[in-house]
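All chains are identified by letter, namely A, B, C, D and E, in their written order; residue positions are counted from 1 within each chain.
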Amino acid sequence: MAKIELNNVTKTYGAHQVIKGIDLEIRKGEFMVFVGPSGCGKSTLLRLISGLEEISTGDLLFDGTRVNGLVPSKRGIAMVFQSYALYPHMKVYDNMAFGLELAKSSKDEISRRVREAARLLQIDHLLDRLPKELSGGQRQRVAIGRAIVRDPKVFLFDEPLSNLDAALRVQTRLEIANLHHAMKDVTMIYVTHDQVEAMTLADRIAVLRDGRLEQVGTPAELYERPNSLFVAGFIGSPKMNFLTGAFAAAENCITLGIRPEHVTVTDPAAARWSGEVVHAEDLGSDNYLFVQIGADTPVIVRQPGKLTIPLGSRIGLSPDPAHIHRFDADGTPVR
Amino acid sequence: MAKIELNNVTKTYGAHQVIKGIDLEIRKGEFMVFVGPSGCGKSTLLRLISGLEEISTGDLLFDGTRVNGLVPSKRGIAMVFQSYALYPHMKVYDNMAFGLELAKSSKDEISRRVREAARLLQIDHLLDRLPKELSGGQRQRVAIGRAIVRDPKVFLFDEPLSNLDAALRVQTRLEIANLHHAMKDVTMIYVTHDQVEAMTLADRIAVLRDGRLEQVGTPAELYERPNSLFVAGFIGSPKMNFLTGAFAAAENCITLGIRPEHVTVTDPAAARWSGEVVHAEDLGSDNYLFVQIGADTPVIVRQPGKLTIPLGSRIGLSPDPAHIHRFDADGTPVR
Amino acid sequence: PADELFYVSGAIGNAIANFKTLVQPWEQATGHTVTIVPMPASTSDQFAQYRLWLAAGTADIDLYQTDVIWAPQLADHFVDMAEPAKDLVPQHFPSIIESQTVGGKLVALPIFTDAPALYYRKDLLEKHGKPVPTTWEDLTETARAIQDAERAAGKADFWGFVWQGNAYEGLTCNALEWVKSFGGGQIVEPDGSISINNAQAAAALDLVKGWVGSISPAGVLAYQEEEARGVWQTGNAVFMRNWPYAYGLGNGTDSAVQGLFDVAPLPSGGGHEGSAATLGGWNIAVSKYSTKQDAAISLALYLAGPEAQKQRAISESNLPTIVALYDDAEIAAAQPIIPLWKDVFTQAVPRPSAPTKGKYNEVSARFWSAVHNTLSGNGTAAENLELLELELSDIKGSSW
Amino acid sequence: MTFLPLRSGEPSLLQQRQRAAFWFLAPMLAALICVAAWPLLRTIWFSFTDTTLSDLYGGQWIGFDNYLSMRTLSSGRTVWRGTLVDPAWWNAVWNTLRFALVSVTLETVLGLIVALVLNAEFRGRGLVRAAILIPWAIPTIVSAKIWAWMLNDQFGIINDMLLSLDLIDQKIAWTASADTAMYAVLIVDIWKTTPFMALLILAGLQMVPRDIYEAARIDGIHPVKVFFRVTLPLIRPTLMVAVIFRMLDSLRIFDLVYVLTPNSAATKTMSVISRENMVDFDKFAYGAAQSTLLFSIIAIFVLLYIWLGRVDLTGDSSR
Amino acid sequence: MPQPIKTVAFYALVAGIVLFSVFPFYYAIVTSFATGTALFEANYWPKAFDLSNYSAVLGGRNFGRSILNSLFIASTTVICALFLAVTASYALARVRFRGRGLLLMTILAVSMFPQIAVLAGLFEVIRFLGIFNTPWAMILSYTIFTLPFTVWVLTTFMRDLPVEIEEAAIVDGATPWIIITRVFLPLLWPALVTTGLLAFIGAWNEFLFALTFTSSETTRTVPVAIGLLSGASQQEIPWGPIMAASVIVTVPLVILVLIFQRKIVAGLTAGGVKG
């Protein structure tokens, strides 16, 4: 169960409107990811859905029933907090088992589920520690563990993986994906700032900007057909290159966007643009070349494999015409 | 100034040895990144260098002088804490200004530096807020800001960007890199779990594993010539593929490693390995194909561009022979 | 040289305010000045305080106003007044002087005195045709009869007799009156012998025990003066045993018994002739540690003398200790109750503080405990008195 | 206390902090030694002498006689003397312990309830907080007298209320009867000191991190369970300290009994009897011995409590 | 339970608590307006607003002076106690050294003697220091009961503050003194206000020391001044004036509570650290 609808929801802190009217439908069993710049209201929105904050105006519906006033525990949700919110006086085991005890699960059942989750998150050797004896990543895993043992109808995750190392992150991400696949009915709402997480986990992504919804769609939609300059710039890492002025005018638009992976390095003579390599970043698997072609900022080009082009050399750049994004003065795409 | 040497440093919590003898020299002006799995002791090591924890045994030298007992404030350091550690009762401005005030800087000077840092981190509109009125990412930026206004000889960063969104992350990363370039003498020690940060920022990376140093070297060294199976698996995202059994035996080793970007998709007939595509992840810029070729886990292959291969199809995989890593039974590379 | 004296005294009524006027003639005559250090009215607070100051040999205070029972206990710290006051002493009630004399040493000079009386409702006695009782047995009868009649008439909270039954010094006073007026002695006789364990004393207590819950509320065992007055002054009792202060207050305009009562000496009982009224009152003593003893002695003599006592009687209704003042016309005019009390005084009995010396408080505590136990039903009077005798001889040891 | 030995050169962080700690503790210790050490030691010394208040400096050392001494009479009978065989003392000990146990228990429970109420957000909370503190703010002497008046059997308002509510059919002599005297003292003490408990606990409640309550709300944990499993453990240190100080106070209870039921054997406590001996009965040394015993009894109770309640004195296990 | 019933039950509880706490005080107020025989009647409402008791108290000798004395003594006591206790509790709560438990017990032991038992010795000390009959006698002697209490309470609260915040301050170059004053104090408001209020009231209401260590009317404190109220005779208890005086001395405390209780707020440490 659990289709979630938000109708013109707003939230105001004091004089400060943080959520500025959001309409969104999250389908039953969907994996919805919220992304957006820091401070745009992702956590707040999550807290509104959880019932921890009261909605200032607008309606929140779970399966068609208005739940604005319903207490969190009656909404059938589990939540991972950005600040972890672990019980400081309880051992890791008890932190995870606490919510289950209520549900009158048997001791064995509780122990089984806690240990399973702990194994999954590689914290089984920490079950006897207090939160303050844990590293940052370990605390975060305890917080995740606490949510997943409870097996609810709606999962709310607020940046659950931000303190984990790459390997663990991939692994936990896969576990969350598996969880989602295994429990088809469970709706998941997930806040992240990690592109990979967003792209790989989401059924749909909602991009927030300053308390408003900017675009909602599948990862591919957002990536390929961003609805605005903002979304284009926000989705994808490294960021899409934006060119204005003459570069854009040549394509009949105000801003021209091209992703780093859609630019190929060619011979300066044959290329549409050319410039000097001013900076390079070597990620091992890829290289990012920063090429100054006369625009405001260098164009970033992704170059697979080893860096072969020395800094300072002049190179030519050819954008892939199929992947050029064109935007109006007001940031809307020209199609 | 500030060359930092650690000689056989250990740290024990109760009966529990967390840092198990580390020898490391961090050069003056160097950008050193600590990576390692969650709980391996990165934060602890950073805290030992800062002087917040006492070293159990071993020596810590700053510029050749033993500083084991020196108080943190005399070490000329600034630190960003993994848990932010903001002063909850102080406005953002005061949080950032506190260290300067203690150092008796002039009011104007303080205001100038705080505002500059705030602008840099895009928190200038938040200077009047209390930490509890900030989003997670905003808090993190305040914590960073507090460190950088102080302009010390050694910067210690503990996962400073983990709660930031992609755009801000890239930007702050660049700012930190710039800071590093601008202040050639400032030594920076940076803990992260983000591959990109580690690879792009570091002069050298130190890989920790369970309280021990696994390998220290430049990003390229670690990426290309990992000293152990562990490092090979840890550096790079997605992770290097490891194959054992017959696959490895063919290369005269116990474990064969090949990174996802060094495998190309070919016709099954002509390929060295072949298998079924069991899962795919579309990141927009790339695709990760998970191909089951009969090993314990699927082989991950990075495919630039749009996904063109449907799930379930059989494909051939050709590893780039130049990039095959071979390891012994004990995890050491065979060269 | 002009000395500045410090005189410590419990703050009662306007005494402190009037003190300036009171000592003015003396100040003018001698050129000395005196500053009063007021103390809380609670006598036990005062006593503790004075003890500590005196034990520490404080020179800050020159004169102490002392309760009638303290003299023997603090005797060591005070100057002997026998010689300086040899002219003044004969004018006082001898019993009061005696109470302040310890081993031949006159510890303090009396400045005013106090004694309880029986308050009765004229109107009710008249209404029910009863005389003022002169024996405790009569009182019991009369109280019961009137109480029953009044309750039947609808005053459910009406009681026969209220007194002070709380376990405190006041109970020692009450009980001493019963015992003494029953011919049971005065606990410890002036020669130091312990006399309390006798049949008359037991008979007295047995009679009183019969009052509790019948003619006196059960709560009387927690009453001090004010509680008793409360019941009385709201018109809810026929008889009350109390000190003179209740007279003026009972005649206040808002009092339910205004003009309806009178006082008489306390009754006697057990066939014994002669009633008893426990002697209260205050005295002035000069500290041995005072550096201005001459001036202090002079002040003490003045305050204990007729002039000051008369003024006190007039302005504060304090009962004089000088016999002649009871016949003083000015006093009688200003404070009509003072002559009323003259009768009471002829029956006054001192508490055994002089013979028991420093152990008086303990003796008194044992006594009131024994009485309180008896009245609240813990053991019979005879048992408790026998036990008390044992305890007292323990305390006494070889001598007081 | 021992600080780690200082090594040569610059002091380390720990050493610097220990040095600071020393200077922070020094003034407090100096103040305490100044006001407390001499009086305490002096009283203990007095308890081994035959000092009286009339002659503070002339006491002779008599060893343990004030506590216990044995004398053989000429008849051959041995008698024991001293506080330790004084039935009045043991009666007082028993009264005090009973009183302390009941009052501290009830005050803790009531204090918790009141603190929880005050911790909730509602309009007029400030006023209610001030109102709650009124009983504590009235001087004990005065409040004891107010209650004595209210508990008066004849014109007391309590009996009046109970009568008009038909809860009793006869006026109760609260403070007079040995059966109810202890209740009377308890009622007043609870009324008076519950605010102390409540306020301290309230401060403890306010220091509990808020976000974990959110986690508990999400988990749907019943408020009662949250209270016992989350709130209570987190305020335990505060509660323990509050209880220790209440225990200390209730074991030394004096004013209230002194004013309300000064000489009733049913309520006479250790402090009252010790004062009685020191001041009223001129057995200063004997009273000092009783004070010293009282001190030891309190010390034993506090130690027991700290041990049984596993009060974390050093805080090492919580950091 | 449905929400409205819960709300009603809650407010009923609040009302019950307030009633129980305030009724005796209310009764004191009622009594303070009564005189004469009216005192001996159980009245639920004031019969008349007769202010004569108040004028008797306030017009009496030095009552105002006593209030000022008490204010001075209680505030100074609290300030000194808080100052000593805050620094000491920092040392006890946050610095590791051996013997902390023992030290805490020793501090506690100071409060274990009955007041009367230390009176004689303390009197000697006071006279030795030459502060008899000055406010300092009270201020000094009150540390006997305020200091152990404040030290203990503040120590427990100080322990609960997040370590990370202190560490951040250390890195920022803060000395322990700065950490206490600039970082911890603001976070300890609930504890400070609470202990401060409790200690203030304790000092404000203390009777025995105040009585013993003063010997002139101008140095006396409020409880002694109330003790000095008396009827026209030894036996009469001046109920009306005592009640009026109690009301007068309780009101400043209530105002004090109203002012300071705002500082007893939750969530002071919120937002500082995560975990």
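By definition in this document, a residue touches a chain if its C-beta (ideal position, glycine included) is under 8 Å from a C-beta of that chain, and two chains touch if they have at least 3 such contacts.
Small disclaimer: the values here were computed from a predicted structure and weren't measured.
Novice: Show me the overlap between the contact partners of chain A and those of chain C.
Specialist: Per touch definition, common to chain A and chain C: D, E.
Novice: Once you count every C-beta pair in contact for both, which comes out on top, B-D or A-D?
Specialist: A-D
Novice: With chain centres defined as mean CA positions, report which chain is farthest from chain B.
Specialist: Taking each chain's C-alpha mean as its centre, the farthest from chain B is C.
Novice: As a quick test, compute the distance in whole Å between the mean CA positions of chain A and chain E.
Specialist: Here the centre of chain E sits 54 Å away from the centre of chain A.
Novice: Using Cα averages as centroids, what's the distance between chain B and chain E in whole Å?
Specialist: Whole-Å distance between the two chain centres: 54.
Novice: Per the centroid of Cα atoms for each chain, what is the distance between chain C and chain E, given in Å?
Specialist: Those two chain centres are 39 Å apart.
Novice: Distance from the CA centroid of chain B to that of chain C, rounded to the nearest Å?
Specialist: Chain B and chain C have C-alpha centres separated by 92 Å.
Novice: Scan chain D for residues touching two or more other chains and write them down.
Specialist: Within chain D, residues 13-14, 16, 53, 56, 155, 209, 211, 275, 279, 319 contact more than one other chain.
Novice: For chain C, which residues are shared contacts with two or more other chains?
Specialist: Correct list: 52, 55-56, 230-231, 234.
Novice: Would you pick out the residues of chain B that each touch at least 2 other chains?
Specialist: Residues 52, 71-72, 83, 133-134, 136 of chain B touch two or more partner chains.
Novice: Just spell out which pairs of chains touch, all of them.
Specialist: Touching chain pairs, listed by label, are A-B, A-D, A-E, B-D, B-E, C-D, C-E, D-E.
Novice: For the complex, give me every residue of chain C touching chain E.
Specialist: Counting only chain C, the residues touching chain E are 6, 8, 10-14, 16-17, 35, 37-43, 45, 49, 52-53, 55-56, 60-61, 114, 224-226, 229-231, 233-234, 242-246, 248-249, 252-256, 280, 316-317.
Novice: Residue numbers of chain E touching chain B in their complex, please.
Specialist: 162, 164-165, 167-174, 178, 182-183, 186-187, 267-275
Novice: Which of the residues in chain D end up touching chain A in this complex?
Specialist: Listed in rising order, the residues are 209, 211-212, 214-222, 225, 229-230, 233-234, 319.
Novice: Which part of chain E faces chain A closely enough to touch in the complex?
Specialist: Interface residues on the chain E side: 163, 274-275.
Novice: Show which residues of chain E lie in contact with chain D when the two form their complex.
Specialist: 10-11, 13-14, 17-18, 20-22, 24-25, 27-28, 31, 40-44, 80, 84-85, 87-88, 90-105, 107-122, 124-125, 140-141, 143-144, 147-149, 151-153, 155-157, 159-160, 163, 170, 175-177, 190-191, 193-195, 197-198, 201, 204-205, 207, 222-223, 226-227, 237, 239, 242-243, 245-246, 249-250, 253-254, 257-258, 261-262, 264-270
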